[in-house]
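Letters A, B, C, D and E mark the chains in the order given here, with residues in each chain numbered from 1 onward.
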Amino acid sequence: MQRIGVFVCHCGSNIAATVDVAKVAEMALMEPGVVHAEDYQYMCSEAGQAKIADAIHEKKLSGIVVCSCSPRMHEATFRKAAERAGLNPYMVEIANIREHCSWIHKDMEEATKKAVILMRAAVAKVNLNTPLKPGESRVTKRALIIGGGIAGIQTALDIADAGYEVDIVEKTPSIGGRMSQLDKTFPTLDCSACILTPKMVEASAHEKINIYTYSEVEKVSGFVGDFTVDIRKKARSVDMDKCTGCGVCQEKCPSKKAPSEFNRGLNTRSAIYTPFAQAIPNVPVIDREACIKFKTGKCGICSKVCQAGAIDYEQKDEIITEKYGAIVVATGFDTINLDKYDEYAYSQSKDVITSLELERVMNAAGPTHGHLERLSDGKAPKEMVFIQCVGSRCSDDRGKPYCSKICCMYTAKHAMLIRDKYPDVNVTVFYIDVRTPGKNFDEFYRRAVEQYGVNYIKGQVGKVIPQPNGKLLVQGSDLLDNKQILKEADMVVLATAIEPNPDVRKIATMLTASIDTNNFLTEAHAKLRPVESPTAGIFLSGVCQGPKDIPETVAQAGAAAVKAIGLLAKDKLMTNPCTAHSDELLCNGCSTCENVCPYGAITYEDKEVNDHGIREVRRLAVVNSALCQGCGACTVACPSGAMDLQGFSNRQIIAEVDAICR
Amino acid sequence: MYKIAKENLSALFRLIAESSELYLPVKTAGQVNFAAWSEEAEVALDILKSVKSPKDAFFPQSEGLYTVKREGKKMKVEPEELKNKDFVVFGMKACDVKGLEVLDNVFLADPIDTFYAARREHGTVVALACHEPEESCFCKVFGVDAANPAADVAAWMIGEDLYWNALTEKGEALTEKVKALLTDADETAVEAEKEAIHNIVEKLPYMNLSLEGWNGDALSEKFDDKLWEELYKPCLACGTCTFVCPTCQCYDIKDYDTGNSVSRYRCWDSCMYSDFTMMAHGNNRTSQMQRFRQRFMHKLVYYPANNDGMYSCVGCGRCVEKCPASLNIVKVIKAFQKQGGEK
Amino acid sequence: MSIEKKEFKPKIVAFCCNWCSYAGADLAGSSRLSYPADVKIIRVPCSCRVNPMFILRAFEKGADGVIMCGCHPGDCHYSTGNYYARRRMTLLFSMLDYIGVENGRTRVEWVSAAEGVKFSDTMNSFVEKIYSLGENVRLGDLRCRS
Amino acid sequence: MGAKKKQAEMIEEISGVNPLKCMKCGKCSATCPSYNEMDIKPHQFVSYVINEDVESLVNSKSLWKCLSCFACVERCPRDVKPGKLIDAARQMVVRKREQNYLTPDEIPELLDPELPQQLLVSAFRRYRR
Amino acid sequence: MQELINRAKELLENGTVARVLGWKAGDLPYNPEPAYFESAESLKDFVYNGFCGANLSKYMIEASKLEGKTLVCLKPCDTYSFNQLIKEHRVDREKAYIIGVGCKGKLDIEKIRNQGVKGIESIQGAEITDAADELKIQTIYGEKTVAYADAMLERCHVCKGKEHKIFDEEIGESKETKDGERFDEVSRIEKMSPAEKFAFFQKELSKCIRCNACRNVCPACSCRKCVFDSNKFDSSQKANVDSFEEKMFHIIRAFHVAGRCTDCGECSRVCPQGIPLHLFNRKFIKDIDELYGEYQAGDDTDSKAPLTNYTFEDAEPSIVGKRG
């Protein structure tokens, strides 16, 4: 039996004006377990807290009920007060007789009655409280960044600058990501490479940053502060220590038919290649699918021409196992597959291209060396049509239901750049809505219209028909003029919807990070915790969380870094003691609880139990209290009642129910 | 010997109900159980086996013992009142009546169960002979005569009449009360009915069941038999057999918190349940085999050992009909017999 | 809100999640938005902590109405808790309706921490409904009535 | 309920289309082969239904100019399917005409082997629900 | 049946299985019991006929702990339960050798009795090899005939189909028995007024004796210790003091198996008081189908169960009042 003290606060007149506090204290003494009750002007004051401490000592209290304001106000205060007096802080319960009672009721008798009931419920609960102790877990002071695009690079730099070790794992041979493929960036028209390359160099030169390119995350185990990750370093076939990056191998390589990933397949590359000139690391890889040596065993030219002797055909994949305290996901995006949008003739004409392809066309290092030309015949276009929302905002299964967010702005950018560089080219943009929220964004779009004379037409394109003369007939709506437009164009550019990198689902599963129906990673809270995954220790950076432009991505990357630093800065993690706990003798091992846990905190183990003399090995749920956040979803999913929540146990809640209903 | 026309039975029930509570087989939602009579009740006298046995009337499945109320910081105990009103149970069968004898041996022996004793004192049993015994019946094996129920009043349903014969003082008293509705009758029809019943009973498949070897002295021999390990396996550990049984007498005592008071009550328990006789240290029967064995050893060995050889099975056959896994006492007896034969 | 005082004083249990609805109730309080004293709130970490057994228990012990409040779908502090709670409560309420319990006796409302007005309005309308339904006689243990 | 609202709801019921899903992109009109012959353009069908002006829709030329090619149905990104709306309007007209349309049982005996298959197919396509 | 016995003998003798889990002939024409057979010799008592209604899947929880494989005879509907038990890690697939046995509908002795048949001596027509048209019943009180369909368990009239969802081999023929719609009865109750619904269930549940047969036979109720047997929720058992306890028990039991119940019908088959317990489970199944998309528990071993799943657009609980 507990020895409970009940303390009723007047809160000046806030409570005392409508609740007979003395009566509440008097009634409290009738409750089982209550050995002390008093009321006082301000319980939260120092004098009030001293009263609690005194009573704990004098009456040897084992539990405390404070009838006062909301626990959201002063629960922490009273818990600390109890702790200072030597009582476990979780032996304190609050009866909210202010917000839930005195402030909303006028009738003194009625309010007092209710306050008594709320007090009883709290007493009933405290009777079943048990001392709880927050757990501790250590923090490995190292962060893992999955993805080496601008989001990953920025997060890595910020974390490393704070003095922590960071590893970046990048799937492709070089860091840089999508941004390295862009020509110019809105709204200031900086050259993308000019602002990205210094960041890439900085990252690679940073003593705290270690970059694994051509590598993938293979396995993740552990939990916040203490993850263990296997990284597969794919065989590069080139010794990174020996290679000088001279590029001779790439020049001499006889196999040059592999489509260039960097140039979106618009031209080809050699089998041994670095994706682009500024690649970091500047060490080529051999594409074993395309390499003649690997396919036929004959060739070996690269090995012969390499003066550094860096070519190693025998190299094998390597698994690196490392421990991390925090993991940041920065897996980025890709454009969607356009197979289902045949009306735009993307597969039929080389002159229908995606916006990302246009970036490569416009880029000096691209397939046309920066000349705007038709990919079919190399002729300079005179009429260009841009189509917005290709695959975005679609409620059917052809596209994506969301707005890809960046298309309006980059289309304005493209239109502007073309009109600037090639004033004789007419540019028409078919749009549904032009969405330009952002600093200097709408001004930018207006410049395209007002200063550069880009022709914006409100309406969607229904179809693009390749003509025998090589032109493209664009049939679209002009909703404002209520006309159907037929327009001949030389090139058509599709603002293709973006989608999360297809690998993200696999990664999310490994991390037990939740993912939404569009494969974007879910944030812990849409508004208040936008860069954290609900899974503790996992942070989100960039487009993997939702469509964003570069400034937003960089901002979020910084935010994710700060959250990760906040975690890494701790030596130990105090874990919330109100976590789920499974009764081994009742657990069926059915996995139902595991299926509803949003944090991956429940795992199953084969354990030997002694069930009243029956010894057997059973499959049992084990809660990792470092991961458990105490939501209680598992407790209701568990049919046998094996899973219970400390601090909000089944019996505690039932005791409250009983007290209220009696 | 009296008789009353079938069509006047509701008048009889009405008359009995005027002065005492009346329990009889009533069909509710397709099933027949003993329940209080009312004008609307669908009385089902022609069925042989109510789902639950009528032992409920004397030993209810659940019954309050006392209530503890709080008055300030003090407690007040209010015992439940003992049964103090007369009641009649109409339509019990010979086996069920014999079942009461089994319960009497338990509850009326020292220390007397006052709740049960009060009910026995105030209850009058009118029992019906079994007009058409069924294949699951084996009362004769346990010495019960289906044609001659040994109750306060024995009755026979023959054609359009119910024949009525008071056998005890209580029976006589009840007869007095309802005499206005009864007419004198001779015993010829009843004798014929008895003979007919006896003839049918002889044909029943379980009539040759032998209880040889089952007695109060068979404890160690039967207890240690390996056969139990086989027999219990299909058992689902439900309490059907015990709850339909007219002789099972185990109960548990529980408390219920109503919010304003705590009421202590007792309710039937089943030796098939895993928490049967659970104590602070745990459970003394840890496996279903042990629990299964307990039931039959109790009926056929332990009980006879304490009650001059009387078995605590009356052959009503309810468990035969109701066991979800088709297990029952007959199969157990036969299995041991077979094993014995093969030895 | 004035409800005519009759003999019948309903007992109403409200389960509120800590992060949204309990805070919404606090806001109703600090905004002095009244609702009948018949409502008593039990704080739970999340609506997904509410076991159907708690609700039936409340009815067993004499509650006349039970309401559960949680974060709006999509806003759950634990991301997904209220989605599970929503399915559980939908099925439970449907079952209660199916066995003949008046379906107004149970309710789920999503109330955010900012919706003090909604909290008070919800409670007012719920209490009114319970008054109109009267005492809960179909779901309750008779022993608790004395 | 007003007669106009009833009509609009009837259109929604027959077509199974929720016109509120439309985001006014105009892809239907952009894709329509009969666009120039229509007085009410495909993308406008939706607003006529939303504004409960089924009357105008029913009396429009568009009703009979729609080829039921269903290009708009195929390409609508929002699952609104203006083609189905106009088809529903046509059905309402047909229903009004004393229900003098065929039941499926009557068709086989009326079939003329000389009839071009194309005609049948297009008729079926037009009147399928 | 002979084919089944022969095959079982073969598998026992060649060591593939250590035991056979099937049915043993009873001492009355209608009461075969679930049984283990460990030798070819013991199989002489093996029986498989219309009265073998028991779902043996649940016995496999215990059998999974035994040495060696157990040959288990599963009817089509039983295989759903087995799949569900695999999903919940309660049985070991590797420990089972499943023979999917044919089914022509299982018989309900209560239904036969309700047609006034008593004093049964023998029953012809219940063998699995029979045409399953008619039962010829010899009784002490004369010969009776009962149409097979009229003696069938309720569940067989709304059979989910005669396809085995999981098996190692199949033996014996099946016959379609479905002649009703699974949810008709539920729909009928749904249409009642609250007072009628309440009266209906009150009447049915008032018969409950808390024998726990429904729970103990249920393959989904596989908890080591039921919440109604433990003190975790302070939920008492055994008593039927007040009708509320039965409601609580049956509602919570149905809720705990919601999304897991395969609708095998065992609860209703074993209830000594003939309470149509399946009406609770089917109500949940119907709701789940209507609200969250069709779902058949036990169809597979890896799909997400409806109550451990959600969509953003799920119906609100207020739909209960709106559906009328």
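Assume a residue touches a chain if its C-beta (ideal position, glycine included) is under 8 Å from a C-beta of that chain, and two chains touch if they have at least 3 such contacts.
Bear in mind the structure is a predicted one, so any value in this text is a computation, not a measurement.
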Check your understanding: Can you name the chains that touch chain A as well as chain D?
Key -> none
Study note, to complete from the structure: By C-beta contact count, A-C versus A-E, the higher one is A-C
Check your understanding: Farthest from chain D in C-alpha centre terms, which chain would that be?
Key -> B
Practice item. Using mean C-alpha positions as chain centres, tell me how far chain B is from chain C in Å, no decimals. Key: 46
Revision key, fill the gap. Taking each chain's centre as the mean of its CA atoms, chain B sits from chain D at a distance in Å of 75
Check your understanding: What whole-number Å value describes the gap between the mean CA coordinates of chain A and chain B?
Key -> 68
Practice item. For chain C and chain E, let me know how many angstrom lie between their CA-based centres, rounded off. Key: 37
Check your understanding: What parts of chain D, by residue number, touch at least two of the other chains?
Key -> none
Check your understanding: Tell me, which residues of chain E touch at least two other chains?
Key -> 225, 227, 233, 241, 307-308, 312
**Study point:** Sites on chain B at which at least two other chains make contact
**Key:** 256, 258-260
Revision key, fill the gap. Chain-chain contacts, ordered by label, are A-B, A-C, A-D, A-E, B-C, B-E, C-E
Practice item. Write out the stretch or stretches of chain A touching chain B in their complex. Key: 30, 612-614, 658, 661-662
Exercise for review: Please give the residue numbers of chain B that touch chain C in the complex, ascending.
Suggested key: 256, 258-261, 263
Exercise for review: Within their complex, state which residues of chain C touch chain E.
Suggested key: 51-53, 56-57, 60, 73-74, 80, 83-84, 86-104, 106-108, 138-143
Check your understanding: Mind pulling up the chain A residues that touch chain E in the complex?
Key -> 517, 583, 585-592, 595-596, 604, 611, 616, 619, 637, 639-642, 644, 650-651, 654
Exercise for review: Sort out for me which residues of chain A touch chain D in the complex.
Suggested key: 343, 389, 393-396, 398-399, 432, 458-463, 475-479, 482, 484-485
